[in-house]
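In structure tokens below, several structures.
Next, two complexes with subunit A in common: one pairs it with subunit B, the other with subunit C.
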Partner chain A sequence: MIPYSSFSFFMILGILLIPVVVLGYKEKRSIVYNSFVHVVILLLAFASDIHQLVSFIVYIFWQVILVHWYAFYRKEKNEAGVFYAVVFLALVPLLVTKLLPVWSMGNIVGFLGISYLTFKTVQMIIDMRDGALKTVTVKEQLMFLLFSPTISSGPIDRFKRFQKDMETIPTREEYRLLLYKGINKIFLGFLYKFIIAYVINDRVIETPFIQAHTPLSTFIYMYAYSLYLFFDFAGYSAFAIGASYIMGVKTPENFHLPFLSKNMKDFWNRWHMSLSFWFRDYVYMRFVFWMMKKKWIQNRYTVSYIGYFLLFFLMGVWHGLELHYVAYGLYHAALMISYDYFERKNKQWKIWKKNKGTEVLSVIITFHVICFGFLIFSGRLF
Partner chain B sequence: MEIKNTVLELLEEICQTDVVKENLNIELFDEGLLDSFGVVSLLMGIEEKLGIRVGISEVDREQWSTPNKIIAALENWA
Partner chain C sequence: MKKIKTFFQLPYVCWTVKMSYYLLILLGLLMIYGFKMTNSSAFIYNEF
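And now, the complex of A and B:
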């Protein structure tokens, strides 16, 4: 059973959460009961396929061993080579999962949500390298990794932020507000995913007219698919965030009106935010810092552009190794670099002045550019 | 005092405006004065000039959103 995809899932989730709500109102939290909820949801997600369940359990063991070994090692030493090796080992299960289909072998190691779990582990290892995270217990790591509301597709939380929510129990008034917001989000999710996204898919995308590959149908498909993608994924995210809130965890948002972005930088601060922020903090910034320190390239902007290229290339490949995902990544890398260059030069040229008119025009242009990106992403072109 | 002056000079150079010296409560990220690249340059400068090593994952954008907050964060740096 895929989380948040059927009526029966919501029924089970609703019943499971009743004791959580009752305890929440009493300003209490039962770790034992919450763990039971997580186990039930994880079993629902994986138990129908024994391969997935086994892979999932082996994967969790693997990541716990890696993180704990590295935490132990990091107390005494801090070699770069060891750090890279541990990050690589944490990525191995994901790499194998992505590569097996390319070698046309059955996907026996993958399971739903593996890429999202990998983000969580890798950030813990990087934080340890930085010294920002010193000690972690097996229990804390398991609670973070196995937090079931976000297990299948995020949003990707940060360990230290999550930990703070785990350590504080909301007051009755705070919990009442969390519960209210949580239920609100879940209903927003119903509207987005099961009404709007469903209608767009059923009445537009799946019609014979759009399915016939004419230039006009592809043009309409581009916009329909973009809207579908947003409402489907924002709907899912609202379920995941809403369920988290009810369990007292303020999982970060994933979307903030992305189709009203003023430019490409703005867009990546509004679209799939937990993913783009992860790449920003753990790939781009780290790469730029490292390059500037080594001073291999003098021009700071060149360093920044190589960083953008790396970020978006990896983000594209992360979706899958198919050509259209790679092209999607490169498209956004090119856009980001061009926009950054333009933004900088515009400070001297002043051709794009800031007023109400240009602002509206910027939003319109950005919208179409984004939609073309999703057309590439959809795989319809190639 | 040294921290304050160094941070303000770094910010002036990175943000390319002296507004950051005049208004110490200006929202650097919201105003578009500081972005990821700027943060990296700032951390680099702090390490070089003040000898304080701040890891990238230790920068919480909410706690580093204004010149005053950055100065306060660094003054309390263990």
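And now, the complex of A and C:
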């Protein structure tokens, strides 16, 4: 049973959360009961496929061993080679999962949510390397990795932020607000996923006219698919964030009105935020810092553009090794670099002045450019 | 404008609006899916 994909899942989740709500109102939290909730949800997600269940258990053991070995090593030493080797080993299960379909082999390693667990683990290893994370217990790591509301597709939380929530028990008034926000989010998820996304898919995308692959149908499909993708994923995110709130954890947002973005930088601060911030912090920033330190390239703009290229190429490849995902990543890299160049030059040339009219025009242009990106992403073009 | 804002900030108005919003969503779900415990399609991002 895929989390949040059926009404029966919501019924089970609702029943499981009753004691959590009662304890929340009493300003209490039971780690034992919360762990029971997580185990039940994880069993619901993985038990129907024994391969997935076994892969999931082996994967968790693998990541716990890696993180704890590195934490132990990091107390004494800080070799770059060892750090890169540990990051690579943490990425191996995900890499194998992405590569097996390319080699036309059955995916026996992968399981639902492997990417998101990998992002969480790599984040912990990098934070240890930076000295931002000194110690972590097995219990803390398991609580972070196995937090069931976000297990299947994020949002990708940060260990320190999550840890802070786990250490703080909300007051009665704070919990009342969290519960209220959580229920609101879950209803928003129903509206997005089960009503709007369903109607767009059923009444537009799946119609014979749109499936006919004419230039006009592809043009309409571009906008319909963009909206469908947003309402599907924002719906999932609302469910995950809502359930997290009810469990007293303020999981970060994934979306903030992305179709009202004024430019590409603004878009990536509003779309799949937890992923784009992860790539910004752990790929782009680290790459730029590393290149500046090595001084191989003097021009900081060139370094930044190579960083953007790397970030979006990896983000594209992460979706899959199919050509349309790689093209989607490169398309966004080209857009981001072009926008950054234009923004810099516009400060001298002043051809795009800031006023209400240009702001509205910017939103309209950005919306169409984004939708074309989603058309590439959909795989309909190639 | 200020009067309308104040009106919508009244606790019983807020409660009624919120309840109507929830009920409309439930009604929408009922219209599309009925009482069947349907298994909807998975989410697009579950694939990644």
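We take it that the second predicted complex is superposed on the first by the 382 of 382 C-alpha atoms of A that agree within 3 Å, B and C clash if a C-alpha of one lies under 4 Å from a C-alpha of the other, contacts with A are read in each partner's own complex, and residues count from 1 in each chain.
The definition used in the following text is that a residue touches a chain if its C-beta (ideal position, glycine included) is under 8 Å from a C-beta of that chain, and two chains touch if they have at least 3 such contacts.
Since the model is a prediction, treat every value here as computed from it, not as a measurement.
A.B. asks: Identify the partner contact of A:F367: answer first if only subunit B is touched, second if only subunit C is, both if each is, neither if none is.
C.D. replies: After superposing on A, A:F367 lies clear of both subunit B and subunit C.
A.B. asks: Which holds for A:Y284: it touches subunit B only (first), subunit C only (second), both, or neither?
C.D. replies: first
A.B. asks: Quick check on the superposed pair: does A:F342 touch subunit B, subunit C, both, or neither? Answer first, second, both or neither.
C.D. replies: neither
A.B. asks: In the superposed model, which partner reaches more residues of subunit A, subunit B or subunit C?
C.D. replies: Of subunit B and subunit C, the partner in contact with more residues of subunit A is C.
A.B. asks: Once chain A of both complexes is superposed, is A:D130 in touch with subunit B (first), subunit C (second), both, or neither?
C.D. replies: first
A.B. asks: Check whether A:F194 is in contact with subunit B, with subunit C, with both or with neither, and answer first, second, both or neither.
C.D. replies: In the superposition, A:F194 contacts subunit C only.
A.B. asks: So, does A:Y305 touch the first partner subunit B, the second partner subunit C, both, or neither?
C.D. replies: A:Y305: touches no partner chain.
A.B. asks: Is A:K265 contacted by the first partner subunit B, the second partner subunit C, both or neither?
C.D. replies: first
A.B. asks: Taking the superposition as given, does A:S115 touch the first partner, subunit B, the second, subunit C, both, or neither?
C.D. replies: After superposition on chain A, A:S115 lies in contact with subunit C alone.
A.B. asks: Please report the subunit A residues shared by its interface with subunit B and its interface with subunit C.
C.D. replies: The overlap between the subunit B and subunit C interfaces on subunit A is empty, containing no residue.
A.B. asks: Give the list of subunit A residues in touch with subunit B in this complex.
C.D. replies: Going by the criterion above, the answer is residues 123, 126-127, 130-133, 265, 280-282, 284-286, 288-289, 292-293, 300, 304.
A.B. asks: Where on subunit C does subunit A make contact in their complex?
C.D. replies: 21-22, 25, 28-29, 32-33, 37-46, 48
A.B. asks: Of all residues in subunit A, which touch subunit C in the complex?
C.D. replies: 2, 4-8, 11, 112-113, 115, 152-154, 187, 190-191, 193-195, 198-199, 201, 229, 232-233, 235-236, 318-320
A.B. asks: Using the touch definition from the top, list the residues of subunit B that touch subunit A in their complex.
C.D. replies: My answer: residues 35-37, 39-41, 43-44, 55-58.
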